[in-house]
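Each of the next two complexes has chain A plus one other chain: chain B in the first, chain C in the second.
Now for the complex of A and B:
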C-alpha cells in the first residue's frame, strides 16, 4: 500500500470513530466497532478517547508501519439509527472483508440518510409528555395543557437549533416557554403542579445520562464524567428556565 | 378488575412516552415496537412492585431496569440493534421527573424563605430527599439495564452481526 492510500484509510477510520463518538454511543462500543473496521482493512488499532478529541494509532499488519491521527469529536444530534447501522457495518466489513470503496460508500450512505420527519417527532414528543403527565397522576385537562406546552417548547427548540444558537440558551428558553405555557393550568382548578413539572421533562438529556453511567461502570471514567457533566449542565439550564416560571407564579402554586 | 386496568393503562402511557422521547434520538423504525413493549413492561412492573408489593422506588426501578435490559438483549438480536438502542428509550419514562422537579422547586423556595427558620428547614429537607431519590434512581436504572451486557458480553457485542446466528 502506498502512503496516499494508507492516509486515506487512516482518515476514514478516524472519521468513523469520531462520528460514532459524536452521535451518542457509549465509549466501549465505539472502540470495539472501530477496531473491527480497522481489522477489516488489515490494521491493528489503538485508541485513546478524550472529551472533545480522540487519538488513533494504526499499524499496518503487513509493513508494520504506524500512523497516528488526532481527530476532533463533532457535536452531532444523537442518532440510534447511526448507532445500529454503523455497528452492523463494522461486522459486515470484517465478516465479508469489504473492500475500502464499498465500505466508504456504505458509510456515506448511512450517515447521509434522512432523520425522522421533525414534524412527526414534534407530535410524538407532545403525546409522550402528555402521557408522562398522566403517569405522574395528572388529570385529562392537565394532559391537554402539557401537550400544547410541549409542542410549543419543542418547536422553539427546533427553530433555535436551526439558527445554531448556543445550546445552553436553547435549553433555558425552551424550558421557560414550555413551563410558562403549562402554568396557564393555574387558571383552572386542576393538577397544575404536575402539569408544570412534566412540561419540561422532554428536555432532560436522558441518553447522555445513561451513557455516562455506562461509561463509568465500564472503566471509561474520563468520558463518562464528561458526558455526565454535560448532561448536568443542560439539566441546570432546564432548571433555570423552570425557575423563572416558578418565580413568576409560585405564590399561586402553594 | 380495577387493578388490571390500572396496570394496563400505566403500561400504555409508558409506551407512548418511550416512543415520543425515543423519537428525539432518531432510533431505527424497526426498533419502535420493541421500545414500546419493553417500556410498557418495565414501567408496569415498577408500578406493581411499588403499589402492591410495597417496595421502594429505587429497588423497584432497579428490578424493572434489569427486566428491560434482558428484554433488549433478547429482542435486539432479532432486529440487529445494539442493546442500548432499545433500552435507553425504554428507560426514559422511568426517569423520576417529579422528584427532579421537586428538587428545583424546593431549592427556589429555600432561597426565598431564608428568613423563616421552619420553612427553610422544611425546604432544605425536601431538597435533599428529592435530590437523593433522583440521583439514586437514575444511577440504578442505568446499572440495572447494563448488567445483562456484562453477564452475556459476547452475545451483547454481536447483536448487529448478520451471519453465524
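Now for the complex of A and C:
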C-alpha cells in the first residue's frame, strides 16, 4: 500500500470520526465505530478526542506504517439518522469487508442525503412542545398558544442560524420570542404559567446533556465536561430569554 | 368581560376622531400603493404601519386598556411588531410588490376592518361599546390582507406574529364574547396557509424529506384542523 493511499484512508477515517462527533454522538460510540471502520481496512486505530478536535493515529497491520491526522470537529446539526446509518455502515464495512471505494461512496451518500424539510421540522417542533404543555397539565387553549409561540421562536432560531449569529444570542432571542408569545395566554383564564414554562422547552439541549453524562460515566471526562458546560451555558441563555419576558410582563421573575 | 367592553367604549369615545384620520390615511395610502407603487409610497406605508402598531401598543393597550389585567403583555406584543416594521423599513425586506395571485382574498381581508363595526351593529351593539376599524384585530386583518396583496416578498416574522394574534382571536371569541373576531380567525387561516406555502416553496427545488407535496398536505391538514377548531368554538359561542 502506497503512502498516498494510506493518507487517503487516514483522511477518510478522520472525516468519518469528526462527522460522528459533530452530529451529536457520545464519544465511546464514535471511537467504537471508527475503530470498526479501521479494522475493515486492516488498520489499528488510536483516537484522542478533545472538545474541538481529535487526533487519530493509524497503523497498517501489514506494513506497520503509522499515520497521524488531526481533524477539527465540525459544528453540525444533531442527526440521529446519521448516527444510526453511519454506525450501520461501520458494521457493514467490517462484516462484508467493503472495499475502500464502496465504503467512501456509501459514506458520501449518507452524509449528502436530503435534509428534512425545514417547514416539516418547524411544525413537528410546534406539535412536540404543545404535547409537552399537555404533559405538564396545560389545557387545550394553552397547547394551541404554545404551538404557535414555539413555531415563531423556532423560526427566529432558524433565521438567525442562517445568518451565522452567535448561538448564545440565538438562544436568548428565541427563548424571549417564544415565551413572550406564550405570555399572551395570561389574558385568558387558562393554564398560562404552564404555557410560558413549556414554550421554551424546544431549546433545551437534551442531546449534549445526555452525551455529556454518558461520556463522563464511560471515562471520557474531558469531552463529557465540555459537553455539559456547553449545554449549561445554553440553558442559562434560555433562562435569560425567559427572564426578560417575565420581567416585562410580570415585573418580577416568579 | 364587562371591563373588556368598557375599555373599548372608553377608547372609542375618546379617540374616534383620530381613528377616522388613521382610517382615511390608510385608505389613501393603500389606493396610492395599488395605483402607483413608488419607493416613497412603499416606505410611507411602512411608516404608517409602524405608527399603527405603536398606536395599538401605546394608545389602545397602555392608555385605554389600563384597567385590563396584563394589558402590558399585549402592549409589548404590538410594540415588538412595530420594532419589526422599523427593522423592515431600514432593511427593506418587504418589497410591497404585487404578484396578483391572491387578489380576491387580499381585498376581502382589507375590507374586514369595516365589517367589524357592521358585525357589531348587526348583533345589537351601539357606539361607543362596539368594535371599530382601528382595533388590534382589525389592524391585524388589514395587515394580513395588505401583505397578501403585495406578497412578492413578505416579512415572515410579522406573519408569524399575526398568525399568533389570529390564534388569540379564536380564544377571544369564546372568553370575551366577541364573535366579530371570527372574521379575523376565519379569514386569516387561508391567508396564513398561502404565506407559509409560498415562503417555503422557495426551498422546494432542494431535495428534502418528506417530499414537497406531503409537506403541502400537512399544511392543508393543519389549516383544516384550525378550521374545525374554529367551527367548534363558533358553535360553543352560539350555544352560550
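Here is the rule we go by: the second predicted complex is superposed on the first by the 250 of 254 C-alpha atoms of A that agree within 3 Å, B and C clash if a C-alpha of one lies under 4 Å from a C-alpha of the other, contacts with A are read in each partner's own complex, and residues count from 1 in each chain.
Following the convention adopted for this analysis, contacts are C-beta pairs under 8 Å (C-beta built on N, C-alpha and C of every residue); 3 or more make two chains touch, one makes a residue touch a chain.
Predicted model only: the values in this text are computed from it and were never measured.
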Practice item. Figure out whether A:186 sits in contact with chain B (first) or chain C (second), or with both, or with neither. Key: second
Review point. Counting only touches as set out at the top, which of chain B and chain C does A:248 meet: first, second, both, neither?
Key: second
Point to revise | Contacts of A:194 with chain B and chain C, given as first, second, both or neither | key: first
Check your understanding: Which holds for A:152: it touches chain B only (first), chain C only (second), both, or neither?
Key -> second
Exercise for review: Report for A:24: first if it touches chain B alone, second if chain C alone, otherwise both or neither.
Suggested key: first
Exercise for review: Once the structures are superposed on A, label A:49 by its partner contacts, choosing first (chain B), second (chain C), both or neither.
Suggested key: neither
**Study point:** Touched partner set for A:116, first chain B, second chain C, both or neither
**Key:** both
Review point. Between chain B (first) and chain C (second), which, if any, makes contact with A:93: first, second, both or neither?
Key: neither
**Study point:** chain C versus chain B, contacts on chain A by residue
**Key:** B
Study note, to complete from the structure: Shared chain A footprint, chain B vs chain C, residue numbers 115-116, 120
Review point. Across the complex, what residues on chain C touch chain A?
Key: 68-70, 72-74, 76-77, 80, 156-157, 160-161, 163-164, 167-168, 170-171, 175, 196, 200, 203, 206-210, 212, 215, 218-219, 222, 229
Check your understanding: Which positions of chain A touch chain C when the two form their complex?
Key -> 113-120, 123, 141, 144-145, 148-149, 151-152, 155-156, 159, 180-181, 183-184, 186-190, 248-249
Revision key, fill the gap. In their shared complex, chain B is touched by residues of chain A numbered 24-26, 29, 32, 77-85, 87-88, 90-92, 95, 115-116, 120-121, 124-129, 131-132, 134-136, 194, 196-198, 200-202, 204, 206-207, 209-211, 213-214, 217, 235, 239, 242-243, 246-247, 250
Review point. In their shared complex, at which residues does chain B touch chain A?
Key: 9-10, 13-14, 16-28, 31, 43, 80-82, 84-85, 88-89, 91-93, 95, 97-98, 100-102, 104-105, 107-109, 112, 138-139, 141-143, 145-146, 157-158, 160-164
